[in-house]
Structure formats: C-alpha cells, structure tokens
Amino acid sequence: MINKDDIHIKQKITNIVNDIFATYKENREINHISKNPLPSKDNIIDILKDFFDIIYPGFFSNIHINNIEYYIGNKVSKIYDILSSEIAKSYRYEMFLKNPNVDSCEKCLALCINNGIEATLFLLERIAELRRKLALDVAAAFSGDPSANSTTEVTFSYPTIQAITIYRIANILYNQRIPLIPRMMSEYAHAITGIDIHPGAKIGKSFFIDHGTGVVIGETASIGNNVRMYQGVTLGAFKFPKDEHGNVIRNQKRHPTIEDNVIIYAGSTILGGFTVIGHDSIIGGNVWITKSVEPYSKVTVADLDNSVIIKTIES
Amino acid sequence: MINKDDIHIKQKITNIVNDIFATYKENREINHISKNPLPSKDNIIDILKDFFDIIYPGFFSNIHINNIEYYIGNKVSKIYDILSSEIAKSYRYEMFLKNPNVDSCEKCLALCINNGIEATLFLLERIAELRRKLALDVAAAFSGDPSANSTTEVTFSYPTIQAITIYRIANILYNQRIPLIPRMMSEYAHAITGIDIHPGAKIGKSFFIDHGTGVVIGETASIGNNVRMYQGVTLGAFKFPKDEHGNVIRNQKRHPTIEDNVIIYAGSTILGGFTVIGHDSIIGGNVWITKSVEPYSKVTVADLDNSVIIKTIES
Amino acid sequence: MINKDDIHIKQKITNIVNDIFATYKENREINHISKNPLPSKDNIIDILKDFFDIIYPGFFSNIHINNIEYYIGNKVSKIYDILSSEIAKSYRYEMFLKNPNVDSCEKCLALCINNGIEATLFLLERIAELRRKLALDVAAAFSGDPSANSTTEVTFSYPTIQAITIYRIANILYNQRIPLIPRMMSEYAHAITGIDIHPGAKIGKSFFIDHGTGVVIGETASIGNNVRMYQGVTLGAFKFPKDEHGNVIRNQKRHPTIEDNVIIYAGSTILGGFTVIGHDSIIGGNVWITKSVEPYSKVTVADLDNSVIIKTIES
Amino acid sequence: MINKDDIHIKQKITNIVNDIFATYKENREINHISKNPLPSKDNIIDILKDFFDIIYPGFFSNIHINNIEYYIGNKVSKIYDILSSEIAKSYRYEMFLKNPNVDSCEKCLALCINNGIEATLFLLERIAELRRKLALDVAAAFSGDPSANSTTEVTFSYPTIQAITIYRIANILYNQRIPLIPRMMSEYAHAITGIDIHPGAKIGKSFFIDHGTGVVIGETASIGNNVRMYQGVTLGAFKFPKDEHGNVIRNQKRHPTIEDNVIIYAGSTILGGFTVIGHDSIIGGNVWITKSVEPYSKVTVADLDNSVIIKTIES
Amino acid sequence: MINKDDIHIKQKITNIVNDIFATYKENREINHISKNPLPSKDNIIDILKDFFDIIYPGFFSNIHINNIEYYIGNKVSKIYDILSSEIAKSYRYEMFLKNPNVDSCEKCLALCINNGIEATLFLLERIAELRRKLALDVAAAFSGDPSANSTTEVTFSYPTIQAITIYRIANILYNQRIPLIPRMMSEYAHAITGIDIHPGAKIGKSFFIDHGTGVVIGETASIGNNVRMYQGVTLGAFKFPKDEHGNVIRNQKRHPTIEDNVIIYAGSTILGGFTVIGHDSIIGGNVWITKSVEPYSKVTVADLDNSVIIKTIES
Amino acid sequence: MINKDDIHIKQKITNIVNDIFATYKENREINHISKNPLPSKDNIIDILKDFFDIIYPGFFSNIHINNIEYYIGNKVSKIYDILSSEIAKSYRYEMFLKNPNVDSCEKCLALCINNGIEATLFLLERIAELRRKLALDVAAAFSGDPSANSTTEVTFSYPTIQAITIYRIANILYNQRIPLIPRMMSEYAHAITGIDIHPGAKIGKSFFIDHGTGVVIGETASIGNNVRMYQGVTLGAFKFPKDEHGNVIRNQKRHPTIEDNVIIYAGSTILGGFTVIGHDSIIGGNVWITKSVEPYSKVTVADLDNSVIIKTIES
C-alpha cells in the first residue's frame, strides 16, 4: 500500500514535474513562456462589463442617480487605462512573432503603447453611436418576439442583446486590426449565450436573434438591416480553397450575404461566399442552402428537395 | 505621437463622456436612470443557488449533518428576505411604467412590498411539492439514459436537472404574474445549460432532456407526463399573427402541445399553437413538423417527405 | 394587509421548513444527507484551471519567468493533494452505495484514500503526453479554420481547445473507473462551450470541432485521427435495448465509429453502435445517418432521400 | 464515547439553541432585534477608505491620471449615497429609543433620510478645507520627527495621519450630533493605530502624535495649535461627578485644555476639566498632572515630587 | 547590469531555495512540516465572529427578523462543526509532541475528535450564561464612562467589549486545557484592541476597561466583581522563580489578585502573585505596586514614595 | 425639505467636487498625482505574508508535504517578481523628487528596475540566515515567559514574533537604503502588534518583547544580545538638535544603546543617543532614564528619585 507522503511519491512527483518541464521545450505552439505577456482574459471580460454599465445605465449595476457624468466618466477612464494597455500587449505579441527581441526594442514598445491608446480612443468615441444602434436592436427584439413583455425585459435578459452588444464592440476593434482581443471578446459572448458571431462579420441595423443557441455567423458574412434569425442558424463557409501547398487560403469571402428584411428560421444552414439571400426573403427551418435566393423568396425543406425556389410575398 | 497623459487626451475623454451622457436623454429604452431600481441579477442567481441547496441537500454545499432544520430554516429565511424584496422591485418597476411618480406614492410602495411577500411565501410553500416532482425528473433521466451510472450522477451533473429545476421555480412565479424575474431565471438556466425553457411553458411529470444544448420550449408550449427529448429540439411558434397595426399579437397559444409518453429526437422542430403530438409518439431526429400527429405515431424525415404518418407501437 | 414581520409569517415559515424537512425522509434519490461527502464541484473546476495553467503555460495565468519548475511543481503538488482527496470521496461514495456504514470501516476509508492517490498519480504522469496530443489538436484547429490567425489565438480562445483538453483529462479518469468526477468535468466543459463529449468516448489525434455549440459525442463513440466536425453534430445512440424488465441495458456499444480523416458538417446526426463512417468520408450538413458509410464517401441530404451512398474522392 | 452525529448531539444542539434564544428576551441591552437596522460597520470603514482616496489622491489607490474629476466625483457620489443612508439609520435608531414604532411612522423615516442627506452634504462640503488642515498636520509630523525622510513617507505610513484624518472627519459628524457613527469611526482608528481620540475633542492646527500607541484624548479635551505629543499620553478625566442617584453626570468638561505650542512626552497623564497646560510648555515623560501649569513651563517627574512648577523658556 | 530574466538570476533563485530548504532540517522549533495540521487561525477568527453574531444579535450582521432560531441554530451548528475539528487538531498537535506517529494511531485520532466535540459542546452550552455576564459588562461600561451615550454605542464600538467577550470564550476553553486555541483567540483580541488578557486569568462580573490600549492581565491574575481599569494597566509577574537548571518554573501564581470594586487608573503596574489589592480600593495612575494594599485604600504616586498606604473611603 | 435626487443636490455635489479638485493644485505635499506610482501597500503586506509562509513553514498556511521545494520555490519566485517591482517604484519615487521627468528618462527607469532586482536578491539570499536568528528569538520568548507552553504556541501567537520578523526583514532593506518600503513594513507590524520598531534600529540575537503594546524603539537605537523587554518600553530621543534654521537635524545617533543581557520592565523610558544601559542590567518598570547606567545595575523608580544607581548582580 502506498503511504500518502512517502519518499516514493516525492520522487514520482519530481519526475512528473521534470517530464512536464521537458515538454516546454518541445511543443512551442502551446507555450507562451516569454517576457511579452498576452492580453488578460479577466481584464477583457471585466471591461466588457464596464461597457454594459455605460451602454445600458441602470440595468446591470446600481448607479448614483445624481451626477451620472462622474459615474460614466470614471468608467470611461478605467476602460481607457486598462484597454489601451491590453491592446498594447496584443500589438506587442504580434511584433514578437516577427521579432523575438521586441522586449528590448524601446521604440517598438512605445509604438505598441501608442497604438493601444489610439485604438481605445477610437472605440470610446463610438460608444454614443453604438448606443443608438443597440437601441434599434432592442426594439427589433421587442417587436419580433411576442413573448417579450417590454424593452426592459429584452435588455435585461435576452442573450441576443449580450451577443450583439459584444459583437458590435469587438467588430470595431477587428476593423482596426487589433490582434487576439476581438476574438477573446466574441468567444466570451459565445460562452455565455451560445451565439458565435465572428467579430469580422458585417451586421446592419435592427438585428435580432431569438433564443440563439447554436447560431454561427462566419467571419466574412454580411447581414443587412432588419434581419431576424433563430437558434441554430449557420452562416458558414462551403469549401475552403487551398493553395498549392494544401494550406487553407485565409481572408477570402467565404460566408454568405443576407440582404435586408430577411427572416431565417431555426436550424437552417446557409453556406458559401457567393450565396446571397435576397431581401425580404423567408428561409424556413432546418434548410440547407448553398445557392443564392432571389428577393422575396420563401424557402422550405420541401422546396429544396425539388430544387425549386418559390417567390412569395409575405402578407 | 500621442503622449499617454497629455491635455489632448484629457479633452478627448471629456468629449466622449459628454457625448455618451447626451445619449442618455435620447435612447430611453436602453436606460433605466430612475429612483426605482430594477431587480438585481446577482441576487436572483444567488437565490437560485440557495434553492438548489434546499432542494438537493448535500449535493452542492456542505451541510451540517446535525440539526438540518436550522440549515434549511436559515436558507428559507434568507430567500424570504431577499426574494420578497426583489419581487417588490419588479412590481415597482411595473407600476413605474404606468406612473412615473411611483416612488413618491407611499401606498404603491407598500403594495409592492406586500405583494412581494405574498408571492415569495406562495413559492416557498411549494418547495416540498417541487421536490417530489423533481425527484421524478431525476428518476426519468436515470431510466432514460443508459450512460447514467446513478441518480446521484444525474442530480449532480446533468444539465437537464439544472434546467428543469429553475424552470419549475420560475414557472410558479410566472403564474403569479411577477414581472421580469421569471425570465431572468430562465435566461440564467439558458446560459449555463444551453436549454431555453420559457417560464410560461407547461411541463408535466417525469420530464427529461438529454444533452440539451439548443433546446427551445416556447411560452405557450404544453408538455405532458413522461416526455423525453434530446438536444436541439424546438417547440416553437409557426407564425406570429399581427394586429391591424402590424404589431405582433401577444398572449396567444403559439406553441405546440406534446402529450404523454412522447420521445422527440435531436434537432427536431415542432411548430404552431394548434400542433399536437399525440401521446406515445416518437419523433425522429431533425424533422420539421407543423401539423398535428396522432397518438402512437412514429415520425421520421422520410415520412415527412411523403406526408405520411405511420402509426407504430414501440415494443 | 400583511405586515412583513408579523407572527403569522413566522408561523408560515416554520411550516414551510417543517414541510421541506419532512420530504428529506421521502425523496431519497435527491438527498445526500450522509457523513460521506460527495466530491466538490468547486474543487474539480479549480483543479481543471490548474491543469490549463500547466498545459498551456503563459496563456491563462501569469507565470514567473525564472524557475518555472517551481511554478509547475507547486501546481502539480496542489493537484496531487486536492484531486487525490476528491477521488477518494468519489470512491467512498461508491462504497457507500453498497455499504451504508463505510464511514466506520477504517480499512475501506484507507483503501479509498490509496486509490485516490494512485489514480491521481496515474493522471499526472500522463500530462507530458497529453501536452503532445493537445499540441496536435491546436495545430488541427489552426489548419482547419481559415479564420484562425495563429495557434496562439486558437489556444487562447477556441472552445474546441477547452472541450478537448477537459475531455482528454476526464477520459483518463474514466478509463480508471473513477465515479462521478469524469462526468462533473465533462459537464463543466459542456456548460462553458456547448460541446458535450462523454468522458467515455474514444478520440484520436488531431481532432477539431469548429464553433462547437450543440455537439454531442456519446459514451461509446469512437473517433479516429484527423477528424473535423462542426457545431450541432451528434454521435448518438439509435435505440436503447432494454432487458426483460424494461430497464435500459447499460455499457453496450451504442454510438457510432468515425474513422480517420472524416469531416462532418454542421447539424448532422449519426446514430447507432454498428454505424461506421469509413475513413476519408465527408458528411454534409443536417444529414441523418443510421447506417454505415464506406470509406471515401460523400454524403449529403439528397443522397439520403434516395438511400444512395455515392463514393467520391475529395480532390 | 460520543459519536459525532448521533441523536444525543442533535438534542444537545437543539437545547443550546433554545437556551440562547430564551436569553434574547432577557438581556435586551445586548440585543438589537428590530426592524430598525443599525449602521453597518463595514460600510463606515469602506467610506473612510474612500475619504482617504479623495483626501490623499495617489497614495492608497491607483487613480486614472486623466480626468481626475471623474474619479473624485464618483467617489463623492458614492459617499453621498452610502453615508447619507447610514446616517439615516443612526437617526432612526435614536428615534427608536424614544418611539419603538418609528418604522411605521412615515414622517419620521422621511425626516431621518433628510437629515442623513443634510449631514452628509455638510461633511462633503468641508473636504477641501479638511485637506488644507491635514496638509498642515503632515507638515507638522515631518518637521517634528527627525526620522521622517519626506512628507510622502509621513502621509503614507504614519499612524498619526490615519488617526488625525479619521478624527477630523468624525469630529464634523459629532458636532452635528450624529448618533453612533462618529464613535464607530474613532474606534476604527483606535483599532488600527492604538490612538484613541474621542470625536468630541477639539484639536487645533498642525497636530502631531509620534508613534501614538496608547494615546487617549477624551471627549471634552481641547488642544491648541502646534501641539506635539508622544505615545502613551492621556488627556483624561480626573473624577466623574455623580448625581444624587449615583449616576455619572454626562456632558461636562472633564478633560484638560492644552494651549498652543505644547509638547507632551511619552506616557504622561494630564487629567481634569479645569486643568490647563499653558502655551509653549513642555511636559516630560511619564508625569502625572492634575493641576494647571503656566505658559512656558517645563515639567518633569522630579518637579512633581516637590510639587514645584519651574518656569523655563526652551532655548 | 543584470538582465531581469537571465540565467544568472535563475541560478541565484535556485540557490536561495536550496539554502532555505536546507534550514528546514535545522531550526525545527520554527517548522511544522508534519502530517498533523495546526489549528487554522482564519477558522478561529471566523468562529469568533459567529460568536459575536450569536451573542449580540443584530449588531454586527443583519439577521432575518422572522424565525431567528434558524439563524442562531445555523450559526451554532457551524461553530459545532468547525470548532470541534479545530480543537481536535490542537489535541492532535499535543499528542504529536509525545508521539510523532500519532497520525497512524487510529485510536489517538478518534480520541482527539471526540474530545474536540466534548469541549465544543461544553462551550456552546455556556453561551446563554455568557450572554448574561456580558450584559453586565456592557452595563458596567455604560455606567462607568460619562462619554457613553447608550449601551448600544458601548456594545457596538467599545474595545472593552471585544476584549472581554473573547476573553470569556477563551477562558472556558483554557479551563478545559485546550492547547493553542485559547491563546490564538486572546492574541486576536490583543491585535484588534491593544488589550492583552491571558485566557487563564480569572475575571469576575461587571468588568470594564476604558480605552484599554496597553492593558496586560497575566495568566494567574484574579479579578473580582465590579472592577474598572484604564489603558496601560499591567497586572504582571514580579519575578520568575527558576528551578535548579535555570529554567523558569511554569504554572505558579505569579500575578496579583484584585478584589471587588477596585478602580485602577491609567498606566499603573501591579506585580506579583502574593500582591492583593483589597476591595474598594482606588489605585491612581502610573503607580508601581509590588506589595499588597488593604481594602478601601487610595494609592497615588506620592504615597508610594513614602511607602505609606492611606485608607480612604471614596464618597 | 430636500428631495434626495433634486437638481439642487446635483449642483451641490458638482460644487463639492470642483472645490476638492481645486485643492489638488494647492496642497501638493498630500497629493501624488504623477505618472510615477508609489509602492503598493497591499503588495507589501501580501509579500510579508509570503515571507511568514517561507520562514515558518506549516504555521500560517497549509503546505503540500511532498516536494516542499516547489512550494518554497514558487513563493520565492513570487516575492522576487513583486518585491523587485515595488522596490523599483520606490527608487523611481526617489528619483522623481529630484527629477520630475524621470518617467521619460529610459536610463533612469532601467536603473530603478535593476536596483530593485539587486535589493530583492540581497534580501532573499538572507532568508536562511534570518531563519536561524528568528529561531533564537522564538527560543528566547519561550524561555523568557513562564506562561508559554511551547515554542509552537510562541511562533503561532506571540506578537513579538510578528514584530521581530518584520523588523528583521525591513532592517535589511533599510540598510540598503530602500526608500519608503521599510517604513511601510514596520508600520504594518506596528498596526497589528502595537510594537513600533524603526527599521533602522540595530537589534542583536535572542530578542524578546513580552506583550509588547506601546513599545517604541527608535531609528538609531542599538540593542545587544539576549535583551528582554516588556510592554510600553520606549527607547527614544531626548532632544532633537536643530540647525541654525530651526530645522531638526536628521541622521544623528539620538536613541540609546542597550547592551547584552538587559531586562527592561513595562513602561520604562530610556532616552538619548549617549545613554548606554550597561550589560546585565535590570531596569524596573515605569522608570525614566536619560543618563547612562553601568553594567550589572538594577534601577527602580526609587533609585531615580535619589539619583543613585545601585549595582547588584541578579542571583
């Protein structure tokens, strides 16, 4: 029988540690043992909470009713400090990939800090506009869901609001080509809502995803205004073109385009960079679409079996 | 180059804050700047944990083996205090929608507090009964899943238990017409399990959802006893009737009825307020049903293509 | 009107507590009022975080750059202490099912402790090997997803990495027949990623699940090397054979076998213990498969309607 | 032998609880079982920390360098909200002593809230002035202690600064006749510094206590400007006059007066409401004084034995 | 110049760790590297807070007004569980001093657990009585201090109440000869109040220490009823008798006896096991007494110089 | 009557904030609004706790019995990282006093970091030696206090051990001329023990302070081996020489020298840089000494009145 604290165990643990440590020299892609720290997941999540407090005042934290400017101002200052530093880390990480000695390049580090500040200010300057867009998203959810009792209930509880809010923030950073952080944000949204919107997607006004679990919206998808979709909808890639070395080619339009006023019911899958769902169409549930659909179409499972697209105008 | 702390940045941040602040006068649907606080999400989640401790003693927290009454009594008292106050806030919010000066109406506030107490006591008085129902749900999960090793494993780990427990609590509050809180509870369950059961749904005894991610059960769905379903099943609305102004009509039966002893496999979608799945039916995976199905039916994808419903009795 | 603190309420709360307490003698399957504590969910989750710190150094926690051995060694020692004690609890729980007086059987308790130590050491000794496997999984995700910018982004953010890492740990414990804990781990992964991999499944090298929400991989599923799948894929059971008493028969091969180099697109369902997806096959989205498929097959929805399996070799 | 969980222990614990509960009807002075909550110690301490952050910016918390107004404004708003509510509780407690039904007297409660707000604003409006006074106290400590290296070190580390800061805040509240809270503040200072200054004492400018442990300054003590004292000094009462019932008479001048520019060395005790230490005097260590001392005196132990007061002018 | 992460530093840290580790084999009196854990300071402090919640209901924590029994019962159960386990550890430590293999002696461990339970129950059964005594202490403080505004203020804020409450608890454990824990409790009281009462001292009813910083009451001191003392009073040992080997002899009466109704002013020192301060005496401030004093004495500094004890009866 | 949220209050709070903000330009000695952060009090205290864990293994935290090197190594690495950074901040602060633009002087910042590393390594390399000294201090406390039951009790509970441990750490940093931090450490010790030892004092081996509250040991005091003292003892300055401008002269020997084997009883005060207490002397309680005392002296209050020093040799 093993005695919990005997010499044998001590030796085993020492061996285990040495074995693990040895692998730190092998599997470099899953190590980050470097003087260039990665952005902190906890900080990014913390800042997203601050954004919610600013964007939806009074919903998720108590606010001091008098002199709200101070409350907002303090949150904005906090985001400025922390996010600019996290973005600087993400730039530094990117430089490090090309130059392992970035930590001893003063100019490089200063550039990272500067770019972090600029990107953060750029985002902060868009909050007022973001709020206007998000108010439309809330209104879309309220008018699109008969079980919603009020916009307050929607703002407070609907996962679509969490997902679209985080997407709209992450998308601004993505468009500024910030490494790592936009995806950290979108995967946080994914984890808490089951909705996976790539920060690179383009999404118009008054967007609503009901229920939402399992929705996937790919990097190069493009969505118009007044689009509504349900749980389990995928806007995905059809095939990944590869180059002559067999490596996937990145940064191509691989995901579909959804025009204005489209409704896509639960579980449907729309694939391909050239696939366009024409405006004012309705896509039924569980359908699988890899070809474009004209405006005002109404597509159901049966249609597809017959490869027929029936134009209808919803009354 | 920007200097991190220079006067320029100070001015930019001031402008940002002022811009945000200005929008607080515009987009009123996403503000709640009011002396009538909304219920606290953290408190609601905290109380749900206390319910789990009471309902499943010994599973999620250590309990003092001797004199468990004190442990339970203290938890019940805590729920009484906090939940009655949170419900009072939700009533107050509802009054505020009609009367912006509710905070200076002493009688209104007293009424809210009183109603909060009554609703809380009503719920607490149903815990013993709830436990009896939930024990049947655990038994249903155990007998319905060959990979379950014990009822303990089921109670401890299965998302169906988290989802159905929170649903049964939220449903009692929903039936008492408490604003906001039932939905906060169900969205919490949704976030941690991927199972979205509207608190308004009706669900019978011995209910089991295996795996569960992506399940959606709508507000007016009605489910009998001994029903089992799998991940990705939707009990949804088919169409939302609108009134003459184009607004969706709320509070109608929009979701299907599932009778006793039905099994619904993964990814199936059943839609419509008049759709009834007859008792003892089996619905295969990934099917799309918008019409009623007789008792003892067995429906698969192929059936639907042929619009044929084949009656079978499972041996 | 009710006064919040009056004697009437006091009596009501006393009655509520007594009623609840009375049910603790009835519904035994949802009580664990025993001197044999269950494993602690919080401890298990805490330890999984330590595993991530060891396996992916520098990603999820700051590490002291100098003398990393100490950092790793301290984490390993902590896991050793806590996990061996939690596993001992799970063994003790199992013994308790057969012998309610296990807590007064010194020899039994000593055996539990010993087995806890052995199982923990067995797991710890496999971390180095685990790291090698997980590095391949990260590489598979990077090469399989055109939107991935770097292996760092994958490791840092992709839910597939969280799910497969926890699966590979839980699977080692499952193979040692540890009660309760492997499932606690896999349900934790399920909650944060929407991916539900039973710890009993067999999964080969270089495995990648893109997006992942709604994926279900059953207990007796078997997956080869270089398999890629998408959100909403189910590898499930077709029918549960029952014994003469109508109880489900456990511990049979109920879930499919997926051979090497298979791709399964979103929302497909593959069922049955005898169903084999031959190597190098491609399964399209939303298909429903209950029969085996030969190597190099390419299956889409249309194929199934015609019950035809068309062999194709992907160019 | 006792078995840890046996029925006997259960009964013992029940008896213990009943016995304790029975005493809640007896020893009323040490119960506060009432619907009128007492101020919260934790809140008071929390607010004192906010005061330190405002009064000594940059010392005890990080501040956002840009737009400090927001930081300060947010702290002031927080103090306003919490302190006004805690003071309202203390007024409510005081009313409750006279009127046990205060909690059902709407007008009373409104008055408490109002008075809480007024008292809080009164205090907040004095912070700017407080800062000026406290800067003098810091300067006095620096110039009075040869071992001090900088005013920063003094502000950062010296217990005198903690004690005098809290005293000056508590004294403002004491002068407004706030119940309970000033003493809660001063006892917090006492606990962390060993310096016990009653909030009712009067203390002039440029006050410095070196080391400080054991210093006691009584409620009706009066201290001029530029006074310096050392650890263990007591400014106490000599005798407590009692009324005809043998009860101590409260609210009389019972503690000494210390005029400007006095130094009192360690361990000295000065007692009595009519005792005046004349300006520019030096009191040696460990002396015991119950009679007045003229200006420019220098008192040592030896002097007292001979009951002689020798006038000296310090060179 | 040193580079923060270079190989040189790595080596230095390794050397440092090895050097420290080497001393773990030398200085055994300051190591406790053993399988027999010492009691946990945090647990002891935590339990003392629970005692305050039980003894002074409504002062230091919110209580649920309805059904306080549950609140109390739950706290008592918690103390029972934790304190019995901590006392068991302290017994185990004591056994370990005599028998280093105590951890493999099942009977020894069972005895420790049992004794822990008995000692804990013994203490819990005295809480009701303790409350009666402590109510007298509060009353004594109120009537003895003209600056006290109410018994509530005294209970809430006065360090004497913290010190005497912890003393009375620790003393019960001391009398049962519990190792380590009584002293841990009294040093906690010492740290937060500056009052150092050895848990072995005997203290009668209605005891009051005003201000209190620097008070020391030795292990074998004995104090009657209605005694009041001030800050800086010492009841100490005069000389420590040594045995023939020069080791101090422990467990002798070394500290003075203070009879009923004595007042001792600030800074006085009373030494010696045979020194008795007769009842109804008044000891002035800063005096040094090593001989007994008759009842009704009034002692000041001057008296002592002349070795004269003047009897006076205080009017 | 004031309405809690009216416009009037909003204006008042704005005024308050503006007034406070205005003073940030005036009272510069109590502001630290700078890009050069001060060391963090929380970090320093946190690190002191790590030192206690390393120096007294098994007393204040649980340790993993197997492979303690990892535990120690991890703590040492943590101290290395954090303390070197805090010391760098303190150097940077010092430079800032002379050069307000230090934050833009790369070379200065690098120097600060380097010096922080060197000072930290210097300290860490002395831990083994520290442990040897502290073991002697524990032994001295045990043999000097008849009420001590074991060295374990002493190590665990005695404030002297907390005070002397922190002093010995702070003293090493003081001798390396680190700004701010040594005093932060000593004031932390002061706050929790009531013992105020300046980090600049020199203290020999086997030092013991019994009870300790109110002890003050000045910056230039020098204490030999085997010295024991009691609560309330002061080793202070007599007079502060001033320069021609009336400023105190710093950095002179102002505090007494205590030779080997001296005992100083409670409340005594020994003052002056030229005052030497000869070896093997005993100083009685409450005495006041400003002149040197020969070896083997025994001084009591009476002696001093007669200005006589009687030589005695303690038997």
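By written order: A, B, C, D, E and F. Residues from 1 in each chain.
Criterion: contacts are C-beta pairs under 8 Å (C-beta built on N, C-alpha and C of every residue); 3 or more make two chains touch, one makes a residue touch a chain.
Keep in mind that what you see is a predicted model, and the values were worked out from it rather than measured.
K.L.:
For copies chain A and chain C, work out whether under half or over half of the interface numbers are shared, and give different or same accordingly.
P.N.:
different
K.L.:
How many degrees of rotation map chain C onto its copy chain F on CA atoms, rounded to the nearest 5?
P.N.:
180
K.L.:
I'd like the Å distance between the centres of chain A and chain E, where a centre is the mean of that chain's Cα atoms.
P.N.:
It comes to 58 Å between the two C-alpha centres.
K.L.:
Mind checking the centre-to-centre distance between chain B and chain E? Centres are C-alpha means, answer in whole Å.
P.N.:
Chain B and chain E have C-alpha centres separated by 53 Å.
K.L.:
Which residues of chain D are in contact with two or more other chains?
P.N.:
4-5, 9, 13-14, 17, 35, 65-67, 69-70, 72-73, 76-77, 80, 194, 213-214, 232, 267, 286, 305
K.L.:
Which stretch or stretches of chain C touch chain F in the complex?
P.N.:
That would be residues 64, 66-67, 69-74, 76-78, 80-81 of chain C.
K.L.:
Of all residues in chain E, which touch chain C in the complex?
P.N.:
4-5, 9-10, 13-14, 17, 65-67, 70, 106
K.L.:
If we count contacts the way the header does, which residues on chain F are in touch with chain E in the complex?
P.N.:
So the residues of chain F touching chain E come out as 54-60, 62-63, 65, 68-69, 72-73, 76-77, 80, 84, 110, 113-114, 117-118, 121, 124-125, 127-128, 131-132, 134-135, 138-139, 143-153, 155-159, 192-194, 211, 213-214, 230-232, 265-267, 284-286, 301-302, 305.
K.L.:
For chain E, which residues are in contact with chain F within the complex?
P.N.:
1-2, 4, 9, 12-24, 26-27, 29-35, 37-38, 41, 93, 97, 179-180, 183-184, 187, 190-191, 194, 196, 198, 200, 213-214, 216, 218-219, 232, 234, 236-237, 240, 247-252, 254, 267, 269, 271, 286, 288, 304-305
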